[in-house]
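Following: one structure in structure tokens, then a few remarks.
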Amino acid sequence: MEKVDLIEQALNLTSFGMGFVFLFLTLLVFVTKLMSIIIRKIKITGHVEEQETQHNNNKSLYDELDEETKFVIEQAIKMHRGA
Amino acid sequence: MEQLNTLWVNTGLYQISPGQALMLLVGMLLLYLAIVKNFEPLLLLPIGFGAILANIPGAGIAEGNGILHIFYVVGIESGAFPLIIFMGVGALTDFGPLLANPKTLLLGAAAQFGIFATLLGAIGLTAVGVFDFSLTDAAAIGIIGGADGPTSIYVASKLAPDLLGAIAVASYSYMALVPLIQPPIMRALTTEKERQIEMVQLREVSAREKIIFPIMLLVLVALLLPDAAPLLGMFAFGNLMKESGVVDRLSDTTQNALINIVTIFLGLAVGSKLMADKFLQIDTLGILLLGMVAFAIGTACGLIMAKIMNIFSKHKINPLIGSAGVSAVPMAARVSNKVGLESNPHNFLLMHAMGPNVAGVIGSAIAAGIMIQFLG
Amino acid sequence: MEQLNTLWVNTGLYQISPGQALMLLVGMLLLYLAIVKNFEPLLLLPIGFGAILANIPGAGIAEGNGILHIFYVVGIESGAFPLIIFMGVGALTDFGPLLANPKTLLLGAAAQFGIFATLLGAIGLTAVGVFDFSLTDAAAIGIIGGADGPTSIYVASKLAPDLLGAIAVASYSYMALVPLIQPPIMRALTTEKERQIEMVQLREVSAREKIIFPIMLLVLVALLLPDAAPLLGMFAFGNLMKESGVVDRLSDTTQNALINIVTIFLGLAVGSKLMADKFLQIDTLGILLLGMVAFAIGTACGLIMAKIMNIFSKHKINPLIGSAGVSAVPMAARVSNKVGLESNPHNFLLMHAMGPNVAGVIGSAIAAGIMIQFLG
Amino acid sequence: MEKVDLIEQALNLTSFGMGFVFLFLTLLVFVTKLMSIIIRKIKITGHVEEQETQHNNNKSLYDELDEETKFVIEQAIKMHRGA
Amino acid sequence: MEQLNTLWVNTGLYQISPGQALMLLVGMLLLYLAIVKNFEPLLLLPIGFGAILANIPGAGIAEGNGILHIFYVVGIESGAFPLIIFMGVGALTDFGPLLANPKTLLLGAAAQFGIFATLLGAIGLTAVGVFDFSLTDAAAIGIIGGADGPTSIYVASKLAPDLLGAIAVASYSYMALVPLIQPPIMRALTTEKERQIEMVQLREVSAREKIIFPIMLLVLVALLLPDAAPLLGMFAFGNLMKESGVVDRLSDTTQNALINIVTIFLGLAVGSKLMADKFLQIDTLGILLLGMVAFAIGTACGLIMAKIMNIFSKHKINPLIGSAGVSAVPMAARVSNKVGLESNPHNFLLMHAMGPNVAGVIGSAIAAGIMIQFLG
Amino acid sequence: MEKVDLIEQALNLTSFGMGFVFLFLTLLVFVTKLMSIIIRKIKITGHVEEQETQHNNNKSLYDELDEETKFVIEQAIKMHRGA
């Protein structure tokens, strides 16, 4: 009785388990494909737009900072290392 | 004279039990496999050494306030070490080949049948009276077939801590034996013509896809199987650190100092579970046998799944990459490549096999989540 | 069927609350800010990921024996993580510019008024019934104005652990926003002529001065404000390791592997405090608003203090370096430099601004010590 | 009543807090300046003395050891690596 | 006014005891020795800084929930830090010279008499009423003579935790003083002719011998003195990681990031034991005196043993390498080389002295195991 | 009485301790020498044998794998980096 129960539970777990593994990974296949398609679409349509905003967005502020201060930092460090 | 006697009764020679002597030899066997045979030395060397330390008679290094027992409680009982290792593995994983060919995820799914077949085998052998495994034991043993050390250790620490030593040793040993176990099965289940199939070149994968994939994976896990979230969450976190490109210093440390430090202590702590009285049982033999079977079945199912997919798909898959679905990254993928080269010296399957290879990591973690949900 | 049902009621989809769904989006917003907008990614990426993990329905990763809760208890409740980070920050700090021009310490003092103004604001808004903050809550919120992540986390863990998640997120977010928040205030409070002031070249600072300074700082703290000693002690220790030149291998590890490892776990642990039921409260909105105000007031006070000092001193200070007194090292100093260059393209203020910048770190730690002494 | 008390406490904390921050950092300004002055004085007066003691003090024992054994260690290591 | 008073009574100036003031100076003395005199700075700098932090009046950093007390409980009370350091030392040790000339192990044995002579001295001085040491105290003090910091700390944490601070400070200080303590003794106990003895070139040692030696050492310890197994086990493990050549990434991390991180926290935690009320006792003076004696006796016994061995052996040993048997790796070996060069400028004893030098590490660990077995 | 006892214990510990230290390290001398002799013997007799088995043993399987796949991995990585 108990053994039969144990075997039944194991079979249940196996069928649900393998079923779920396949369900999950199949879903992941579709979601991944969808994601790749969307990203590649955005990339093409968004290409021009991206270039335009590149000089107005937030990141460029940092970039600007970077470029401008890079030279200063290097010089300052040089000066300071000498100290 | 009394003190001489004290000294003598405190020696290991006086206190040693036959089991401990045997386990010292087992520890040395593991060191031999690691150093001379080069079997997963990063884990088997610390595990082997830990096993020796744990079985020193009278030292109590793996009990009470012994240092290995402390490492075990702090790192494994808490789940921290396997999860941190999984984060490191994530930071070392490249999902590129998988993203270029997502349907290879199904090969990683099929190979998990090794896990459940072994669960059934363990319960069946218990039913006929050969072994005496509970359902949680059987589930923890089955995960060996997932060919992922940290996943095996994590599940065993939750479901069957008494069997953790044997399960970890079996897991890493068979991962090391992949180049011996898989090729005969691969040759038996495929035709020469199938082995010669050349696959189309993988497309380029953009940085954005690689960044979004781990987040997407985590969300899917969160919505469908929360019990797999610790494992796959840390895995995805490690991968996101690497792919995002904005936290390179964290990613570098994760891939080097952090994973190395944790590997050392994980190995020693696992070794502490190889104490004679727990390890030297008929169950251990069962675990080693069943683990081997799990690998073989997982390999076979991966191959068969590839052949089934070829019936429905116009882009043919070389079935040899199916065996890489058991994970054992990157050894199984390299075996696929090697066996493929035997039939077609211009057919490099390595990158194609990396897809199912990392899919197998995800698949095993999902299977682990199912086990923990139903039995944890 | 029963098991299918079990599976379904255990999914995240079945269990998710609207709050958790919202927090998953908040977590992803933080990841977006970190990865795409490059906002303090070293902290906001782990915090964001931790927030997602913490809000996975049914997984319990941030509660009980969940791994993030363990990280929180071990690392933040104990105070260890923020203190180790502060040691690392000390090992990365160069007091040279401060030692060359010690009076810039006063700029770092003035900028701390942002902390206390925010405290007053929080209490004021509680008095008129908008929010409901206790004095300890208000103090912890005020420290956001110190623009030092680890100091904020340390104080919040002592005085207002329930608000820790919101405070840490506000702290790091606003530190990242310094290039947006500060420039308008700087331009509004200074004249074109002031912004053009060129400062005298900083003198060379000897190795001895750099070695003695952290010890001297520690002694002064020990004698006057012991409650600031853990924070400033670890900070001074890190700096001494670096400047002494005799323990380079310890200093290197502190600046790299150690601070990186702790940053990862600190971030995840902070993220665990972004659970829906704690974070989605009106208080959080108050913290975000008040934090912003704290930054603005601190910036203004630093600038004004510089102008006041110019009345009494013959060596004129460019008031733009006053805003760097809020710390947010090194971003605030770079902002001073950038705004200065707009008015005088040959005027490099960066090194001059590093003085008040690191002074702000000391000032905030002193303010933190006061809060802990009176309210802890 | 309670609210008034709370506001009073906050005002108190603010005045004492800002006061202490300024007190501490002002003190630090003076102590730092003093330290720098002393060190620079010692440096000038102690310059000759330092050079004289350089060959008698403890550190030089280590230096001597270093120089003498450096060559040996290198050779030994070379020899040993070959082994 | 009330708050001004609160502020004042909470200052360190108000609360400081004369003992704490003195200990702040002791902490600074240790920093001075570390930074200016270059005395074992890797340990004495963190210990000195820890001592200062521990004696800040009213801060409680070394008590209760203070961060240094947490480091102490987690790292030293558990035994983890000294054992991990010992693993790192193992990974940095080359047994080649010892394997080429195994009989130098006996020099490492003889030098341990310093340990036991000091034990006798401590008990003798207790008997005549000068000090008041128990047998466990005396044993822990004696281990200073082993000239191994982590062994001293490990034994003290087991046998005499109250004396740990003084013992650790004495241990590392005298290790740093080896170039001052040893040469006069070496010159006094050897003749010019003995000091000129040239030793035969060491043979090449194969990789296999180096791999098997740590395993053999561990087995011998396991069978004869299990209480020395934690120390020598971790030491052998570190060495095996290095020599096996199959886990280089683990070995590299052990030799760098891991040992550095643990050294920092070990030092701070040891420093926490230098609190005024525990450290400023007549016992501390006794420990410092006895520790010095231990070093001197150990040095002498090593030299004498070499002379005795020369009576029975045809391959003469230069007795100057005997003093290296106290360990203090690699300083003592360098001192042997230096004193040898004074008598014979073409006689490089360095590699010959490395044999007894590492033998001294093993010898001290064995002596430590004996102490723990009889008194632990 | 107690003091005499303490001294006796200390003397006992010393004699047993030093005895054991010498016993252990002497044993280690002999075991080490034995180990070295055995290894060198094996090395000489096993030299030819080793060379023969080199192409049949397990390690060589890995080596083979290594050599064969090394080229592929490098190429694959190159290709992939370009992506």
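When the chains are written out, they are named A, B, C, D, E and F in that same order, and each has its own residue count from 1.
Note that a contact is a pair of C-beta atoms (placed from the backbone, for glycine too) under 8 Å apart; a residue touches a chain by one contact, two chains touch by 3 or more.
Nothing here was measured: the structure is a model prediction, and the numbers come from that model.
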On the document's contact criterion, could you list the chains that touch chain B and likewise touch chain C? A, E
With contacts counted as defined, which of the two, A-B or D-E, has more C-beta pairs across the interface? A-B
Sharing over half of the contact pairs with A-B by residue number is what counts; pick that pair out of E-F, D-E or A-C. E-F
Using Cα averages as centroids, what's the distance between chain C and chain D in whole Å? 25
List the centre-to-centre spacing of chain B and chain F in whole Å, with centres computed as mean CA coordinates. 27
Whole-Å distance, chain A centre to chain E centre, using C-alpha means? 50
Using the touch definition from the top, which residues of chain D touch two or more other chains? 16, 20
Would you pick out the residues of chain B that each touch at least 2 other chains? 3, 7, 38, 205, 224-225, 256-257, 374
Applying that definition of touch, give me each pair of chains that meets it. A-B, A-C, B-C, B-E, B-F, C-D, C-E, D-E, E-F
Chain F touches which residues of chain B in the complex? 3-4, 7, 36-38, 94, 96-97, 179-180, 204-205, 334-335, 337-338, 341, 348, 350-351
Provide the residue numbers of chain F that touch chain E in the complex, in ascending order. 3, 6-7, 9-11, 13-14, 16-18, 20-22, 24-29, 31-33, 35-36, 39-40, 43
Residues of chain A defined as touching chain C within the complex: 12, 16, 20, 58-59, 61-62, 64-65, 68-69, 72-73, 75-76, 79-80, 82-83
Touching residues (chain side chain B, partner chain A) in the complex: 98-99, 102-103, 105-106, 108-110, 112-113, 115-117, 119-120, 123-124, 126-127, 135, 138-139, 205-206, 208-209, 212-213, 216-217, 220, 224-225, 359, 362-363, 366-367, 370-371, 374-375
How about chain E: which of its residues touch chain B in the complex? 78-80, 83, 211, 215, 218-219, 221-227, 229-230, 233-234, 237, 240-241, 244, 246-247, 249-250, 252-254, 256-258, 373-374
